[in-house]
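Naming follows writing order (A, B, C and D), and every chain is counted from residue 1.
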Amino acid sequence: MAEHPQTSLDEHSERAADEVVLATSRLEAFSDGVFAIAITLLVLDLVIGPGARGHLLRAMADLWPSYLAYATSFFMIGLVWMGHHVMVSISTGVDRRLMKINLALLFAVAFLPFPTRLLGEFITSSAAERVAAVFYGFWMLLISVILTAMWRYISNGHRLLPDDFRQARIDHIARYFQPNIGLYGFAIALAFILPRVAAALFLIIAVVGFIRVA
Amino acid sequence: MAEHPQTSLDEHSERAADEVVLATSRLEAFSDGVFAIAITLLVLDLVIGPGARGHLLRAMADLWPSYLAYATSFFMIGLVWMGHHVMVSISTGVDRRLMKINLALLFAVAFLPFPTRLLGEFITSSAAERVAAVFYGFWMLLISVILTAMWRYISNGHRLLPDDFRQARIDHIARYFQPNIGLYGFAIALAFILPRVAAALFLIIAVVGFIRVA
Amino acid sequence: MAEHPQTSLDEHSERAADEVVLATSRLEAFSDGVFAIAITLLVLDLVIGPGARGHLLRAMADLWPSYLAYATSFFMIGLVWMGHHVMVSISTGVDRRLMKINLALLFAVAFLPFPTRLLGEFITSSAAERVAAVFYGFWMLLISVILTAMWRYISNGHRLLPDDFRQARIDHIARYFQPNIGLYGFAIALAFILPRVAAALFLIIAVVGFIRVA
Amino acid sequence: MAEHPQTSLDEHSERAADEVVLATSRLEAFSDGVFAIAITLLVLDLVIGPGARGHLLRAMADLWPSYLAYATSFFMIGLVWMGHHVMVSISTGVDRRLMKINLALLFAVAFLPFPTRLLGEFITSSAAERVAAVFYGFWMLLISVILTAMWRYISNGHRLLPDDFRQARIDHIARYFQPNIGLYGFAIALAFILPRVAAALFLIIAVVGFIRVA
């Protein structure tokens, strides 16, 4: 098997003939690509048309909902990226189910620019602000749930962890991702009543979450 | 030759002076880049204009064809990415013809956002739905054909495989890519009669195909 | 710990249980991704509509403010990318605070296409040119400040540098990033009085800065 | 110096204190990122609005200039990517001047979607087709010139090549890039007289160029 040392595929296939498993490094490379692109595409929704010629400063100020949504999603993706790296770098390998959880995470992150755009566009509209804020909050929650599920899958019974990995550290890492979920629930409920306050809370959650993981 | 160990180029050029061959790692990096960008760009076609202010929830619901097209292409690219990785990581090297097949695959994937956009835009229009669905189905088929061709090229007579790679595994991997082609043919035919049912079938094909490879 | 040699995470966590640190290589990969995408997205703002059919050459010439803004941001991101690489490649590792400084840098770079767009759109409008030029200059300054802060953090007391790294080299590298800040201050002040001259100066600063680092 | 083996920076700085040189691997990663993004962004210019509802098939056919421009630029970037890889992987290192030539190449490639868009938009307009075709041809020529200059810089006097690299191979690689320049000159001249024929020739040049390098 020395002919192609850069892949761990054959090794695995010796264990189970139909188990096709991806090298960790390429899982990271592809996921990093999606995260980096999603985080950079967000800026495309910050647009001020030529009509603002006579009052550019006010037009820039009026764009505050888009800045808010931009910053929230930026920190959210930053958080996911770092959490993802921590998990994958600790794990001993990647099996088929982890691949699927990972694609679900990529799906949720790659889709995030859509709720971000809606939040930035409609949070100042009394008719649409509730829908936009609840949808955004729900999507943040979804991302958090997938992150938590990912760590549970990796750590459960040391499934993809080295044998000597201490339980205390497993719980410690789990705590970084878990508590947010309850907070999101509260923020989503708040979005029904006070959508703009909820939007501000989303940003705080993302920033605090990022700082805790970083 | 120890001066530049990161490339396998000179080694090859010793065999055939005019054979310029790419390092596997960089083929993977570039291909991963294209896959990651194509999969993340899809979200740019999910747009709801400020005019939806008064009925955002309905506007979001009305966007279902775009979600459908988005999800189908997302899983399709995910599938290609994983299949691509499996093939390249198994192969012992990359020769000039494989480079060309690979670029054909990148072409087909990088172009996919276009039929995706058409499907999302026109599947609800009685006049245009047939054209959009047939075109999308044809493009899925094309991608599948290239993936199959790629594996055939690699595996034929163990051209780019280690000598001890068992025929059973070659056939096993081939089966992951091959049967879809017949199914696509059926789906494309269906697209002429019932375009929306065909669009739903496209999604199922992509999801099932992804799950099988993952 | 030999099971997963590609990460330096466990090593660090032995030193401090709650210190989650990223592998340098993945910090580079993610940052490079953001830089590469931001630098390539800039071209999306160079648009000439079908209305220019009758006078394309003039329409292309009229786009000069966008070319100017494009080139300035292109060299600016090129400069950041090279400076970033120099710093990270010299440093012995990445700690949590550096991660945060790095995300601040990514934030500033990923956001740059927005002031770039404003500069290209409004530098020819007598009412809006001041705002656009001052904003752009401020954003360039911000990026420079973060770059300087990053090097200070790495080099201060050899925090993240090898022990034998000479002070002369630290000062030498610092000089590449530092003096620009004063110059930016001048350029921003100029933007209040002569916005178009300031815009030309921005380009010169970016090009000279790039050449000095490169 | 064993503390940070992933960089060749210190080694070089021992030779010349103020010479800041980039690791080859990161030059490749960043360049690949730009190439992959530029090649994938091209699809964003293939747009058919909802107005085409009643005649989608014709609208798709009418988009042929955009397909032509898309394909030409796709192969052009594919060619640059492969040529770039060949050169960088052969070279023993990257010095400051090569960094600058490389950024010039990235600039030319990242900007390519703009002339591509113009070609696709205006090649069917009798008033604008000349300008669009000449501009596109000029940009292709520019890219080719930079590629040739890059190889000349690397190979001249074995500047960045191993000592035992044979002259015959240097000339052989040079021939892959060089002759195109004359051809481009002809194609650009043709663009003044028969813009659409020139556009077709551009595609042929790109495809043949790609096949020769691949």
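Following the convention adopted for this analysis, a contact is a pair of C-beta atoms (placed from the backbone, for glycine too) under 8 Å apart; a residue touches a chain by one contact, two chains touch by 3 or more.
Worth saying up front: this structure is predicted, and the values here are computed from it rather than measured.
Comparing mean CA positions across the assembly, the chain most remote from chain C is B. In summary, the pair chain A and chain B forms a contact in which the copies contribute largely different residue numbers, shared numbers making up under half of all those used. One inter-chain figure worth recording: chain B and chain C are separated by 34 Å, centre to centre, where each centre is the mean of the chain's CA atoms. Note: centroid distance chain C to chain D, computed from Cα atoms, is 24 Å. The residues of chain C that reach two or more other chains are 29, 33, 37, 41, 44, listed in rising order.
Taken pairwise by the contact criterion, the protein chains form one closed cycle in which every chain touches exactly two others. If you check each pair of chains against the touch rule, the ones that pass are A-B, A-C, B-D, C-D.
Only residues 1, 3-4, 6-7, 9-10, 13, 17-18, 20, 22-23, 26, 29-30, 33-34, 37-38, 41, 44, 96, 99-100, 103, 106-107, 110-111, 113-114, 117-118, 121-122, 125, 127-128, 131-132, 135 of chain B touch chain D when the two sit together in their complex.
Chain A meets chain C in the complex at residues 24-25, 28-29, 32-33, 35-37, 39-44, 46-48, 50, 52-57, 60, 70, 74, 78, 81-82, 85-86, 89-92, 162, 164, 168-169, 172-173, 176, 210-211, 213-214.
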